[in-house]
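Two complexes follow with chain A in common, the first pairing it with chain B and the second with chain C.
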Partner chain A sequence: MTLFTALFSHYRRHPLQLAALALMILVATTLWSGVRQLTEQARTSLAQSEQVMAGRQQVVRVDGAGLTVGDFAVLRRAGVCVMPWLEVPRPDAVGLVIGIDPLAAHCFAEEGAPFGTPGGSRPARLDGKPFVDIAEAARLARQLPAAETPPALVLIAADDTLAAALPSGYRLVSVSTGPDTGELGESFLLNLDALGILVLLITALLLRSVYRLGIVQRRDSFALLQRFGVPLARLRRLLILEILVLSALCIGPGLWAGGWLAQSIGQGFGQSLQGLFDAPLYASPGHWGEPALIMMTVVLLACLADFLVPVRRSHAPRLRSYPLAGGLLVTGLVLALLGPSLVLLFVAVAMVFAGVGLLAPLLIQWLAERAASMASDPLRRWRHRELAVMARQLALPVVALQFTLAMVLAVQALVTTFEDTFDRWLGQRLAAELYVPVPSGQPAEPAARWLAAQPGLQQGGAWHRVIRGRARVAVGDKAARPVDLLAFAPVSSLVSDWDFLATDGNPWEALARQDAVLVNEQLARRLGVGIGDRLALEIAGSPLALPVAGIYADYGRPAAEVLVSGALLPAGFEAEFESISITPGGLSREALVGGLKQVWQVPELTLRDNAEIRALAGGVFDQTFLLTRAMSILTLVLAAIALLIMGWVFFTGRAWYFRLLATWGLSRREVAAQLTRLSVGLTASVALLALPLGIWLTWVLVHRINPLAFGWSLPMAVYPGFWVELIGLSLLIGLGIALLMGRQLRAGAALPVSASSLTGGER
Partner chain B sequence: MSQQVLEARELSKTFVSGGEPIAVFSGVSVALAAGQSLALVGRSGSGKSTLLNLLCGLERPDGGVISLLGERFDSREAEAPRQWTQRWARLRRGRIGVMFQEANLMPALSLLDNVRLRARLAEQPLEPCQSWLERLGIGELAERYPDQVSGGQRQRAALAMVFAMNPDLILADEPTGSLDRRTAEEVTAELFRLQAETGVALILATHDAELADQCQVTLDLAHGAADLTPGASAGPAP
Partner chain C sequence: MRRTMLVLLWMVLAGCSQEPEQAGFAGLAESVAEGMAEGMAEGGGEGGQLFYLQPGPDTGLTLPEDLGTHPRHRIEWWYLTANLRTESGEPLGLQWTQFRQALLPREAGSIPEPATWPLEAAWMAHAAVSWNGKHVFAERLARGDVGNAGAAARPFSVWLDQWQLESVSEDQWRLQVQAENFSYDLTLTINDQPVAHGIDGFSAKSDSAQGSMYFSYVDIAISGTVTFEDQSLAVEGRGWFDREWSSQFLKTGQQGWDWFALHLDSGDKLMAFRLREEGNPFVSGTWIPAAGQARPLDSGQLALSVIEHREGVPVRWRIEVPAQGVNLELSAPPGNYRNQGLYPYWESPVDVSGSHTGEGYMELTGYR
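And then the complex of A and B:
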């Protein structure tokens, strides 16, 4: 028998431990690499959305019709440098590919930086990823399901293209890459990075706990081998080799599974990215080398840290940890309250988690010791003392479970709050029964005049025009910034139910009188604007200065927006989108449609009803927290399984004492009851300690991180029903441990043999 | 005449190893009255521990009848395992004290709490527990934990636990096997002193011939005697 075989024989006797270790490495790699891959895709996509199209302009038809290859030919024949651009969803995969024509792009090279090549004044703008030849994109477009809207052809114009050079029937517009998101994109990515690190931290904790338990049980073997003359350094080298081999075997499949995970949730995640930042998720190939190296390092550090820091085997509570844990906790709490940036907030969260992680097992241990010293019944005293031993022995999985419970609780509260708030908000926004987009090229005024003249609309009906465009806003001496502009004309009763975050009297009356403007929360936060502050507006070149009469919530998008009365829009204002919201009242739908068709002289009219738009909006917002919710649930499942396995392994080490109780005359049922009380006591303590941490994390997410990351805040809400569910889950884990152990006690020899392992004999 | 505590007749036990049945012993009979002591001797594997397990109900014999403290356990009767186990558990809880070679104590409890726990399970008063430790010379160590005292002190504490439950029968499996000779002699002396004081019946499995000689009767399982009933007679076995 070789030395390595002798060392490895432990796992032959305890195959479950080896399986648990391999599973931990596999799942840790899967979860972390999955999140990392999505984050990298999002980072790439946001960067490309900003860089590739920044400052670009495109050619559109004046009549609003879609562009065709014929338009491209007309423009090129006229000597205009344009390049076709076709964004197509990847079939059966995540993200988009962009089809370009390299030959057509040749004229862009004359600008100084050729498209498709790195270097020059715009390095790596189009570096070949995720760009494909337009023929390939067109082929992919033809494969799209019939139900999907076919992708529209875009013609990108060279920067030096002048409007005068265009043939008639065409005009230049800037390429829209979504609203100005400021630093929100970076914040979003930081959120994802933090989630990835949290997942990595929790899985590393679990991995370490499983490995450490095995090492503790193997100490006797190590000591024996040392007595046989094997140097300690050689033993350590073999252990490093052992974990390296195991990592090498598990990390590869873990990375593959991570890729699969990223692909599985990428579709929803892509919609989330599109909804939040108007940036599509571009497909990018996964990298293998770097994640594998990082994961290998994490595994080695998690498993072999004891070689650097000797394991403490003191039975006394680690008193020296209290000041450190307390210091971290208090500093983290203060920083979370006052931290001005997202990075500092994440540091604060990390400090609080570290402090709580150090304190929680000590607290359970202390409480159990206190309860033991106060118990007059020796059996109860024994049970409390055993609980204290468990809290110390299972500190790492206990902390990991506590963290994940807190994370799940916070994410659930955030998502549920978001859903509730969004539903209420959407209900206020979608007060009208029907929405009619103004047909392209048609003025809205004749329709408005026709609607105003309808007596049926006066009977319980209401309507207003919704006009969207762009404006520039300045506050004080600061430079003007482009913002979204929203206008209502007239200000109808359809908006009277809006909730405001802050108002001054009746904001709608002030808006209708053209005495004030309203701003969304994003604008108020970004420009530091409050009620009564005077905004300097520039709409289509016309200056306007009005005070802010109200700040309204505007969930789910980062753009700053100002709301004005439609009567204030100057004649030259070009609306990007215009529609009419109508509750017909006494006017029949047929009469309404017929009348508007007649006014606009169009054969067909797009008419969307309330339910359709609600479903559309709800669908987009459902995706927003898909990733966070999915990852937190997966991590919870992992932590629950880990604690179940660890608890089982721990109790196996303590089986001697339960058998001793049976030898002393306790019936099987009584022994099982003691076992159940112990395991359920531990998991219930974990859940109870996770509650305050989860509520605090909810507050941080809702009041601190969300406004910084997404630009809007949510009301704080707690959901005790979900607390009960989580406590129930913890109790189930405890019962699971007791059940597994109970089976083992029944199956094993009735007589205590020996409490041979060090874990078993510890107090 | 002393009260009969135990009578076991024609006990047999077979284990299956590698698919092959291995008879540990068969036809073993034992009888013991209150205040008597019996030494079980024999080679390793001769079945000493197994016989003790049968006599306290931790294992079920394949054949034979055990009458203990008024309860009758007949392996030929089809008694449900659950009921059989419960009847034995009741006896072990209050009337049979069991000692092992090592680790008889709960590591999370002090020596005194261990004694109190055993007394509580036997529904005996908790107050005398400290005095049992003092009688065994470890009263000042009452608040120490098992890993804070020597092996000999741990076995003294185990003795205190057994006597605190006020049993009718003590089954001790190599109780001094892990101790040095001098400590073993001290612990053994205490055991026999307290056994004589309390009048409890004692069955002791041991390799130690000198220790076995201190018992009134010796039963050598190594010779595989078919009928080793010592009867109620006092004095060491011939």
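And then the complex of A and C:
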């Protein structure tokens, strides 16, 4: 038998342990690298669109019609340096690709602007994504399902293009028409990063616990090998090699699976990013080297930290960690309460988790020992003492399970709160039965006049025009900033059910009287605006100063928005989007559609009903939390499996003691009952300890992180029903351990085994 | 930022190679075809495999059709050089060239739908003005078939963005170029019938089969305005217009070419070129007497030799056509006449002395 086979024979006896290690590395790599790939891709996309589009201008048609290749040729022949830009979703894959014409881009270089080569040097060759030739983008666009809106061609103009140089029929507008969303996109990604890191830490803890278990079991064989003359340093080198090989074998498939994960949820993620922050997700190739290296380092650190920091075998010093843990916990709690930035909040969360992680096993141990000393029943005392030992020995997986339960609990509370709130909010917003977008190029006024003249609409019906555009808002001395503008004309009863976060009397009346404006929560937060504050608005160049009469919730969007009466819009105002919300009342749907078609002289009318819009909105918001949910559930499954394995191994190691129970006269059934109570006691205490941590984390997510990451807050809600489910799951894990143990006890040999018994005599 | 934009410019041109041994003017065919053909491979399958046509001695010229595009040939150009004088008599050299590089051969009638942004041909236009020892150059690129670049035989027109050469009457063309720091607007009067080079317009470019279809208008009276460094200059003089197309232009191992188009004061004209390669360069030319038929010249009848280099570029030359009693010394005026575009080359006016006096243009490619 060679040294290698001797050393690794452990895994021949315990193949499940090896499988558990491999599984943990694989799942940890998958989860973390999947999330990382998406956030990296999103970050690159944000940077790319920022870099390429910042400050740029585009040419549009004065008549509002979409641009075509013909417009491109007309402009170029007129000497205007424009470049086509076509963003197209990739079929069945993540992200957008941008079609450009590199030949057309050449004139951008002439003017010293980007997009071209400096002074005649040979252009670099690069491999595409997210940029592809516009012919390829146009081909992808033709393959899009008919239901999808065809991508719009954008003609980007060189920086020094003057409006006067344009042929008639065209005008210049800024490329960046999106609302000012601040740092929200970045915060959202930071949120995901933090979740990714938390998952990585939890899996590292689990990994470490399983690996350490193996090392403890192998300690005797190491001692034996040393006695045979194998130096300790060589043994360690071999162990390092062992874990290196194992991680190399598992990280590769893990990264592949991470890529697959990112791919399968990426489309939805891209939609969320686009919907939430108006930030596109471009297709970009994944990088493998760096994540592999990071993952390898994490695995090595988790498994081999003992080689770096000598293990303190005595239990006494651990009790000294009370003050440290307590200090971390208190500092973290205070920081979470007061921290002004997302990064500080994450630090606070990390400190609280670290404090709790250190304290929880000690607490279980202390409580168990206290209970043991108070118990008169010897069996009960035995059980409590055994629980104390378990809490110490299984500290790592216990803490990992506690963290995971807390995370799952908090994420569930956040998502459920969000769904409930959003659903209620959507119900208020979608009070009308029908929504008719005003056809492109058509004015809304004739339709409004026609609607006002319908007697049927007076019978239980209601309608108003919804006008969306852009405005600028200044508060105090601060510079004016662009915001979204929403206007209703007239202010109908359809909006009367809106819940306000803050109001001053009846905001709708004030709005209808044109005495006040309403603002969304995002604007109120970003500009620090309250009820009664005066806003200096600039709409299409006209100034307008009015007080704020109400702040309304506006979930799921990052943009600041101001709501005004449609009657206040100046003549030069150009709406970006206009629709009419209608509850037809006594007017039939056919009469309504027929009438509007006639007013606008259009053959077809787009008509959306309440349910359709609700489904669309719901779809977008489901996607937003898909990733969060998937990660927390997968981590829970992993933690449960790890605890199951650990518990089983732990019990196996102590099987001899448990068999003593039978020797002492307990029936098999009674022994099984004791074991069940013991294991269920452990997992139940973990679940109970996870509850306060989970509730606290919910509070941090809802009240601290969400406003910073999304720009709006949610009401805090707790869901005790779900707590019960989680406790139930913990009990099931406990029962699972007991069941495995029971099988083990029935299985055979009953020799006492302990580390001290292996003194070399087995030779 | 600039880096990113490099991506934008050329990233689509990555990845494939289509017969890289075939080079063209200023490396154009080599570099562009190398990159662009791959994306087009799919489209090429329609209607069966279509190959580039290679011209030969039997091809013959058809006018005015040959002033338009040749979509079944890989590369072609329209090329004007002019030796002009300002009102004060100072010499002013001027060049305008437009290239078409096919990425996919196709039948002349099958024009792809512009909305698909076809990438079947790339266009490149060059304009340069040399005056007072200064040389300015501008370059424009465009994708073919989307409208902003192209050429037509009837009425004759070649355009890329706002630059264009177009016929305005039976024998008059108008050339307009607006670059960042210079522009010109010229009227060209075509005084003579086109001269077919080589054998019925087939101009051999090596001892093997390589060659191109090549004809020239060599007697063009030019007048108009050149704006140079914010000065508007009225100019007059004479020009030389070349029309050339091929699919396999240079052969492997040819490093570049030296080309001359000369107006001799005797009324005779001379076109001469030399393709540099290991061993003996390939030399060819056309003697165009003031009266009578143009005569092709081969290496036995024409000799080109370098007299002097300037920063690695041969700027003084001797050209001999012994049968015509021609022994010329050519020299470029002082200055740097490199066209610093994507594919740099030298393009300068030359003064002619020796057995004859005169003026002309010289183009040198492949010198670093």
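The criterion applied here is as follows: the second predicted complex is superposed on the first by the 717 of 763 C-alpha atoms of A that agree within 3 Å, B and C clash if a C-alpha of one lies under 4 Å from a C-alpha of the other, contacts with A are read in each partner's own complex, and residues count from 1 in each chain.
Criterion: contacts are C-beta pairs under 8 Å (C-beta built on N, C-alpha and C of every residue); 3 or more make two chains touch, one makes a residue touch a chain.
Because the structure is a prediction, the values reported are computed rather than measured.
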Does chain B (first) or chain C (second) touch A:Ala536, or do both, or does neither?
neither
Based on the superposed arrangement, let me know which partner A:Ala104 touches: chain B (first), chain C (second), both, or neither?
second
Contacts for A:Gly70 in the overlay, against chain B (first) and chain C (second): which applies, first, second, both or neither?
second
Touching A:Val343 in the superposition: chain B (first), chain C (second), both, neither?
neither
Just checking: does A:Ala138 make contact with chain B only, chain C only, both, or neither of them? Give me first, second, both or neither.
second
Chain A residues in contact: does chain B have more, or chain C?
C
In the superposed arrangement, does A:Ala22 touch chain B (first), chain C (second), both or neither?
neither
Quick one: classify A:Ala684 as touching chain B (first), chain C (second), both or neither.
neither
After the superposition on A, what does A:Gly79 contact: first (chain B), second (chain C), both or neither?
second
Touching residues of chain C toward chain A in the complex: what are they?
1-15, 31, 35, 39, 114-119, 122-123, 138-143, 146-148, 159, 161-162, 178, 180, 340-342, 344
Over in the complex, which chain A residues touch chain B? Could you list them?
315, 377-379, 381-382, 385-386, 388-389, 656-657, 660, 662-668, 750-752, 754-755, 761-763
Along chain A, where are the residues that touch chain C in the complex?
48, 51-52, 68-70, 72-74, 76-79, 84, 99-111, 114-120, 122-128, 131-139, 142
Which positions of chain B touch chain A when the two form their complex?
49, 53, 56, 58-59, 85-86, 89-94, 98, 100, 102-104, 106-109, 113, 116-122, 126, 145-147
